[in-house]
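Encoded as structure tokens, here's the structure I'll be asking about.
Chain IDs A, B, C, D, E and F follow the sequence of writing; residue 1 opens each chain.
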Amino acid sequence: MPITDLLMSGVNLMGIGMTIVFTFLLVLVFAMKGMSKLALFVTERQGVSETLSSHPLTTGQGQAGMRGDLVAVITAAINTYRTTHQ
Amino acid sequence: MIEIGFEPLWQSTGIANLEWGQVLMMGVGSLLIYLAIVKKFEPLLLVPIGFGAILSNIPLADISGSEGLLGYIYHVGIETGVFPLLIFMGVGALTDFGALIAMPWTLLLGAAAQFGIFVTLLGALALNFIPGFDFSLADASAIAIIGGADGPTAIFLASRLSPDLLGAIAVAAYSYMALVPIIQPPIMRLLTTETERNVVMQQLRHVTKLEKILFPFAVLLLCAIFLPSAAPLIGMLTFGNLLRECGVVERLSHASQNEIINIVTIFLGLAVGSKLSADKFLTVETLGILALGAFAFCIGTATGIIMGKIMYRVTGGKVNPLIGAAGVSAVPMAARVVNKVGLETNHHNFLLMHAMGPNVAGVIGSAVAAGILLALVGG
Amino acid sequence: MPITDLLMSGVNLMGIGMTIVFTFLLVLVFAMKGMSKLALFVTERQGVSETLSSHPLTTGQGQAGMRGDLVAVITAAINTYRTTHQ
Amino acid sequence: MIEIGFEPLWQSTGIANLEWGQVLMMGVGSLLIYLAIVKKFEPLLLVPIGFGAILSNIPLADISGSEGLLGYIYHVGIETGVFPLLIFMGVGALTDFGALIAMPWTLLLGAAAQFGIFVTLLGALALNFIPGFDFSLADASAIAIIGGADGPTAIFLASRLSPDLLGAIAVAAYSYMALVPIIQPPIMRLLTTETERNVVMQQLRHVTKLEKILFPFAVLLLCAIFLPSAAPLIGMLTFGNLLRECGVVERLSHASQNEIINIVTIFLGLAVGSKLSADKFLTVETLGILALGAFAFCIGTATGIIMGKIMYRVTGGKVNPLIGAAGVSAVPMAARVVNKVGLETNHHNFLLMHAMGPNVAGVIGSAVAAGILLALVGG
Amino acid sequence: MIEIGFEPLWQSTGIANLEWGQVLMMGVGSLLIYLAIVKKFEPLLLVPIGFGAILSNIPLADISGSEGLLGYIYHVGIETGVFPLLIFMGVGALTDFGALIAMPWTLLLGAAAQFGIFVTLLGALALNFIPGFDFSLADASAIAIIGGADGPTAIFLASRLSPDLLGAIAVAAYSYMALVPIIQPPIMRLLTTETERNVVMQQLRHVTKLEKILFPFAVLLLCAIFLPSAAPLIGMLTFGNLLRECGVVERLSHASQNEIINIVTIFLGLAVGSKLSADKFLTVETLGILALGAFAFCIGTATGIIMGKIMYRVTGGKVNPLIGAAGVSAVPMAARVVNKVGLETNHHNFLLMHAMGPNVAGVIGSAVAAGILLALVGG
Amino acid sequence: MPITDLLMSGVNLMGIGMTIVFTFLLVLVFAMKGMSKLALFVTERQGVSETLSSHPLTTGQGQAGMRGDLVAVITAAINTYRTTHQ
């Protein structure tokens, strides 16, 4: 490739590259702001931050319910996948 | 000159190539991480497995492909069986078999609990009557081992007998191991009387250093004589335990218990996660495996307790049948659950140490069962 | 293979499997009892448990004798092997 | 009977087979070690790289050949991309993204500093006008990433786009990262007014544990959606960070931050050093790469500061433009330099924490840039 | 339908397939572990070697086969030479060459002790006169290196020159290193007079940090110039030592001295043990190797002491000839033995530090000898 | 090869081997003596041993000069190589 063509490719790359970098990080700014709001909301509502430091061997309802959740969620995922793929 | 238009750029994004199945599997990965962090479900394994699932379902990146990081790790560590064996070495180095040596008869509790494995094998084969299921004998054996409640054994056997089901089997094994405190207590209460649960067991005798050193050789010797197909698993378990007990290789024992097991756990988890692809995981078979896993744990717990009741009779009431539940392994969670249920009946009856005997017996028991399945079904 | 045949194989496997598991662990029970007796005997007779925690740099007769042992034992092993294999 | 005469003996010595280029490259290796030890230039990398250069230039020994130790290590760790990715996992486990989460807008400073990468790409292509230079678009992209001021990213990209230049690129990247305290301050003073440098920034808000746990997922999700080619790098960075922040896998976090990163650093350094052979390194192209590297750092610093000045205007003087210089990454050196230059103007103005935001944003920024180059130039 | 009868079941047991040789080799493995635990014979190596021997002789399991765990480890770590070289890096990082730098002339003691290697080479060739022995020049060279009293050097050379004898050579090398306190003292008393043993040596001068940093370069430079075939061994030894002494890479030095050397030691031992199969180990040649090993240690000790006596004469009685015995290496055991024998004669004469000089010189000396054998016999 | 020839090769090897071992280590003795003298000289002249324990973040002239050195030395190396190889 002639050098000038290479250079034009480079300019093109620079334009696209910086656009993507800026777009990506700008979207990330908003994603992070959203995430922080979500975190604040969850923390205030459910006191998750406390749950996060609770003891490993909790045997309450929460976990029992969770087991149902596990199978329920995976079942739902499989159903969705089957219906869209077969 | 490279002219880059909008169309090829769009085609290089993930969103343009995203398939439904990938989104769902990233959701499954996130769910596993959620359970690990918030509910403390076996986090050491489920965090890497969940993250591996997310990474390997990113469109285009092909991280679990043959040129991708997770693909390399799977190829080097799981296909060869090296990672589960190194974990087993670490488990051996972390386990004190003293309680078992003091009460050798509790090995029978560990044997009885393996019934869960073989009943589940039948269950898996029976599922073939339902349309959509097509488990071979090898598949059924790999699924059945979930009943052994032993992660590395399950991964080792699945990687040999049924690699396609490896992801679902590992997820089921670790999930149910985490659910032991939910699954076991009702069964324990159902099958035992208050009198039985009240039994206070004799204090364990002192175990000498020499016995602890001879123990791994005794186990390995029997394995070599009767069941060589279990030798890789039993061999690395006893090697790790010898490093721990022999007292002259502190550096190596420390490395097995820390550096090696930690590093391998990260890579093992990521590699297992890389098998959680939509076309292999989002099948009715996975639902069958999840159902069978719960079933296996229940049966294993029950047969362990029943053997406990037999020993209660035979010994004239010296054995608390609850400790039979610990025979499924899931070390040390199952032993703790025994202790907890025991304390509910009698606030001064600490069964933890007595439950450690059948608990570690369960590890040996399921390695033996894995060896049998490998010898009769594999190869 | 028809499912019923598969199931019969499974029942067969279960029978054999549980038999081996129980036999293996039962034999291990007796092996462990034997081992514990041996350990007790050795510990009382020779005080091995003390030897086990002795210092690494012992230069006494024991070790000198041991070197002889090493060659003697390996020689015996080689002889046995040769005579049975050639 | 072997009769060994003087001639074959002489022929087996190094001195009889020594080439000029090898002597010079051993000198370059020694120089790198000298800079590492005496001038504290990124010693963790430059000591192994320098020693690897010496070893691989010993005549006859062929240590970097396909049967030699360094050859094996390169083949296993660099050709596959495994080592830089594991380093990135360790970097993730070692990095606290709290400052960035508290000030998400500083991501734009990390974005602006990547301008250095793309200008350098043009510079590398322009060098082709000078006889003796013949950089392809792939070569130029691999060289440009030096401007990202991020060692593992540079090695990862170079191993994919331009393996022959890997040695020179890695040496340039780590050398200039070590030179950040020399290169940046004059540019910072030149482009900012005293009033700007005097700005005292608001104290950072408290960041909750949940935000820190969600952060890696947010980054990875965007990467998966928009830029899958950056997924290996971003994936391992966020995985390491999740191990650190999730709080339930202390063992794995510790292993990533210590055992794994230390072991991999030794081998990565030796393997990079094995690419410092005379015929690949002693070329005018290396001089071009060194010149472009300095250029890249200067441009990146300048554009980071200029974006800082824009934010200063937009926020009505709440942002100190100096922190833009930290956007090149070179964690944590660049942030420390910002702090130092800030203190010169105002003895009570500690900018370290505020500079950590753009500093870690720069790591993400250059991984993104690497992904773009991989997607558009590689493959 | 699978119908499993008694016959195939019996055929899958170990006892039905057990060969005499395997039983004997498991006995040899157990003996090595017994010596390691009870007699403290180099336990860090002999426990893994012994266990590896037991594992690889389990019938049917084929753990040392090409698909077995120990087979993989051997293939990856020993066939490539990677493991012994990493151990050498760790040895370098663990060794303080200060005593040698303070007394450079003691290098000649390390040189003299290598005589044991070459006399043993002749001895191995002479054994060919006895029917049943058929050692090639390469075999004899690999056996001779036992006289170097340096485990990783012996394994490295044997893996290159005579892989079939690797097991026996490694066992002999580590066994005799453990027997240094038995083998050396009588020879030391026999060859020295009481006056000689009584010599109190001058206190060692202070060695600066800069000398310690330059030392690895000096050794490596000479190796590169004169003996490139020793460059892998000497290169990794000096690299490890530079990490230790340069003072700016604490993390890497720690990793070399701990994580890396511990992990590699476990795997190296298991892999060496996997070479202890009946058909390779239970041969008259093994007896020859064991006999030659003892012979080599005796000769090396004697020539070291004789060179010590020469230095005693030349310096007018300033050198205690006992320190020559430490020239065989076996660090730090041989130096401790010198100290002990010295104290027998004079209760206030501590020779430990003076013996460390020839002791570490012996490591360099046998690496040099290995390089010579590789250059002249290998390839 | 007849055993006597093998033995002659062995004697030959021993002669050459011990000669090289001694020569190598003897040269190393002198190299080390030279190195120690150099170290003493440098330490006294420039106080390098102090530099060796100085702080990592030095931003003085020394380092600025060093950067020039880096490029200068590598340039010199490349020139030398080019002129001798092309």
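Here is the rule we go by: a residue touches a chain if its C-beta (ideal position, glycine included) is under 8 Å from a C-beta of that chain, and two chains touch if they have at least 3 such contacts.
None of the values given here were measured: they were computed from a predicted structure.
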Separation of chain E from chain A in steps, with touching chains one step apart: 2
Most distant chain from chain D by Cα centroid: C
Gap in Å, rounded to a whole number, between the CA centres of chain E and chain B: 41
Inter-centroid spacing, chain F versus chain E (mean Cα positions, whole Å): 27
Junction residues of chain B, two or more chains touched: 2, 4, 37, 40, 137, 213, 226-227, 247-248, 259, 376
Touching two or more other chains - residue numbers and ranges from chain A: 6, 9, 13, 16, 48, 52, 56
Pairs of chains satisfying the touch condition: A-B, A-D, B-C, B-D, B-E, C-E, D-E, D-F, E-F
Sites on chain E touched by chain D in the complex: 80-82, 85, 137, 213, 217, 220, 223-229, 231-232, 235-236, 239, 242-243, 246-249, 251-252, 254-256, 259-260, 375-376
Contact footprint of chain C on chain B as seen in their complex: 100-101, 104-105, 107-108, 110-111, 114-115, 117-119, 121-122, 125-126, 128-129, 137, 140-141, 208-211, 213-215, 218-219, 221-222, 226-227, 247-248, 361, 364-365, 368-369, 372-373, 376-377
Residue ranges of chain C touching chain B (in the complex, touch as defined): 3, 6-7, 9-11, 13-14, 16-18, 20-29, 31-33, 35-36, 38-40, 42-43, 48-49, 52-53, 56
Sites on chain F touched by chain D in the complex: 1, 5-6, 8-9, 12-13, 16, 48, 51-52, 54-59, 62-64, 66-67, 70-71, 73-75, 77-78, 80-82, 84-85
For the chain D and chain F complex, residues of the former touching the latter: 1-4, 9, 20-21, 24-25, 27-28, 31, 35, 37-40, 175, 179, 181-182, 185, 278, 282-284, 286-287, 290-291, 333, 336, 340
